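Naming follows writing order (A, B, C and D), and every chain is counted from residue 1.
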């Protein structure tokens, strides 16, 4: 499977072109809508007030409700945009954001409005693609489920703890980061290989690091392996009926770059939203002098809740690749 | 650049074929030898007693001391091998190791001796390739340097602390994990893109997860971002002469998947060596029953010190790809 | 550059997503429209009567008239469709067409109407992408020009000969094939390499064979080399000012898979349109018995004239890849 | 499957690294030797007098006579080399050869001796890889067979005609080209897709154009399609038992980029050996002036006979890719 996510936050539309889908997959549009609803902003006080319809129009690759196997393109129109909010950012890059690197990378020709192609809004087509991938995986008995494993440094937070931490940051014109832990069940043993470009960790990380704000990826115990002894970290084998399993799953379902039949488990870390309302130090790229910046647009104080379906989507696409699609 | 690492621990030879090198790079064999010496085992009490000559023979791609630009193949002969140490492992997979997944993946046809293609010994040709890549990068002012940032849970350990922790584990027939932190300096601003397969984090992680035992990769603050506020995590811009820089480098030199001109910094976590001398629970794959396993071969109680040049090698190859080679 | 052509002949829309364009390219929409007009059907008696507006809507990747460097998606709505013409073809595959192979490949889930994703209409977004590629190439002094070098076996036909041959076939409810010869000027010497996946012939042929109906590709003298002596085929070198050139260009601008500074020249052969009005023998896939088929839809008796801009488009995209885009 | 062919004509060795082979394939070394013997020079008056042992040493990827599934590297040592024959060619590029383009591409750092990496000798490891691929295909009922379909313009020549034509050219210090026609039987219907990079013609041509001297590739009737009517070119369907077949195979087993279950048939055109003994016009690259060149080394007056197993090898590798390996 090969995909291209396209669009800019304030352009005509965003979307995804997806090549290599199997044919005959019933496109459960209710499921897709429910997946996309999970990342829609404006749901509560914790997220940006921007309202998106985010109803994707499918232009190709589906016939009589099922995938044709030929490339699928889905498009989401941009409607509720306030371009003026961002005009001044053109030459005042936001710290922690891609404004400056995008400016250099695209030689000043990028669409600077609302972050352009770097906008978190571009994760909507990714969730769409991931929802399609989940439908493909469902037919093979593979499921992807994630949960918020950390917000603002609080491990496994309750909704109340999460809300409190996020609103506290918001009140201080600030933002918080967090972590998402994900499990992919149903993958058979023996997928992947130790070699470059083919190992399970490499394939998953490729998809996960394509999600904005992801700055770390760990499999199984992840960075927790550093403090462990081998005797603690190794997963002892046992027989479950005739099936070889491990009593623990510290390896995250992967040994030597190959699935071992246990769930593939990983955890990603998301940086705090760089767009904060506090005054920050920056540089005026046109004037060539240092400057201060106060951002007035609408921004999530914490993207972790909305990122949950995005991470699952990336994992679903990775699982499809691993399965040879 | 495209590469294939080949070989098995107890086969005739291991090596690497490397395509896409620039031509005219002087192949400083002293430098290459010194890089390879950094991962050679048998240097002290902390590492396995196996002695490797590890002198690579260059079969192609070099003429009169410089790269020709056509594929370079380097081969290292296997000599000091004790195959009998491993024979019983054929059907008794070591917990935490790739024995079981390799057995399934290759349908029992793999070379089981000494871990076969999964052996840590396969990192020798990777270090060779990385040394060549470092020579390429040197001409462009790019350098890769790493350090051990954690052993057995001890952050930034002194050599004495490291040795103590490793020898303690060895005495208890056990092993320890750790972390390596790496910095790539000299990369220009504007490399990479936010898109799948092109972002800097994705490219580096692809190479890093191809190194055996790497289970987590983080950029900049990595998983530390979870506990931070945006105001702490953002890197304020300033002008250094006419050059835009950031006062901190929490982003690890990357914003929006694109280099920002600061050093690209990342940290990998290595699991403790799975091959430990303690008795472990496993399954006899041929008999189809649970079994116990005691490993008697030579194994490092901690691979972190030897992994240092390997991680640098992977990073050097990633940097070459990022530079369009 | 990476692209996905999507759409089906009778679906909502067709289009292309194009990733990896350089930023800052002025998108000359008049030029693009003129390129697309070159393949529009319904222009004269020689082509199908179907009318297409084919006005592409650009959804992304362009800002203030220039490419942003982020993925560009262009969409062309389908309007003038007569689905009923094709219903009976679902189980009666047309000889020479992709009906049968598509049926098997996509397990019967493909959109069979009008050829679905196999329709020649899908070449419209390819021409769009090629026009953008030509604008990119123009800034680098590279130009792609093609001409019809054969129709119905007539080499270098005049428009009158061409029209006569095509109308003769049409009158007999038949179709004719032909050839297109193309030249890419301005490519510097030294692009490509002899290795798999990197040689100039391989790169161009990859793009050219993705054009429907192309069944042969030759470079320089192409299949004419078979009958020549080396002394006739070799291109003698000479000095043009300080520049090395060859007196002839039998090699088509390529030696050892690498450009030699002369124009890259190639010729493609297009099969006659398989959709002919004559009665043909086929198989009824649902009934499992042999059957006869008479096609009543609108079809070009010769696609060579309309294929000319398509072949140029494919060559322009190949040239961009060769230039490292 | 991914492969890297490495080596230079007069370097220490040539060889191939091959990744992605299935495991458990019995490596029939007699078969491999017989395949390699088919391209060995020095067999008769028609070929160069250079003697090659060409006995490949397998360094990895094989254990107890079967493929392990991990990368296989095979090496052939260079022994019988006459470097002095080529020294003067360093700055006097042979017309029609890669001397000049290689000089520019590799900035003068290439190994110029005997054509270096461009030498026809590099087809030996390709034949080795193809022989392994044929063994893989054999288990799946797929076979690749080729024949010389043209020498010096003579279609389907008898051995006597071939020898006469080649010796005539040799006597005149010249060389001749030709064509090879190949058939791949046993591929199931439904492989490939119409999309870029996935269509059968594109995949095969990628491999075929990586063979030195191949300048044209056609499928089925190839360039013969230009002169045909649709009614002649289309392959009528019929039922053979329950199986859909076509009465003719003009399409070469491919429709819409997808296999149709008939043999995949293609024909390649090979240019006459550019290295001829006649005096030729060239340019002295170091002196910057025009010059004449007389080549005294050993060269085949016609490479077509020796190219036969090479083309089959390329086709076998392409078939493996098509089958998802």
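Simple rule for what comes next: a residue touches a chain if its C-beta (ideal position, glycine included) is under 8 Å from a C-beta of that chain, and two chains touch if they have at least 3 such contacts.
Remember, predicted model here, so these are calculated numbers, not experimental data.
Chains touching both subunit A and subunit B: C, D.
Using the average of C-alpha coordinates as each chain's centre, A ends up farthest from subunit D. Subunit C and subunit D have centres, each the mean of its CA atoms, that are 27 Å apart. Mean C-alpha positions place subunit B and subunit C at a centre distance of 45 Å. Computed centre separation for the pair subunit B/subunit D is 37 angstrom, with centres defined by C-alpha atoms. Annotation for subunit C: residues touching 2 or more other chains are 3-5, 19, 69-71, 105, 117, 193-195. If you check the complex, the residues on subunit A that touch subunit B are 3-5, 93-98, 100-102, 104-105, 117-118, 150-153, 169, 172, 174-179, 189-197, 199, 201-202, 205-207, 209-210, 212, 214-239, 242, 244, 246-247, 250-252, 254-260, 267, 269-276, 278, 280-283, 285, 288-290. Looking at the complex, you find that subunit D touches subunit B at residues 2-8, 11-15, 17-19, 23-24, 57-63, 66-73, 75, 105-111, 116-117.
On the subunit B side of its complex with subunit C, the touching residues are 19, 69-71, 193-195, 198, 324.
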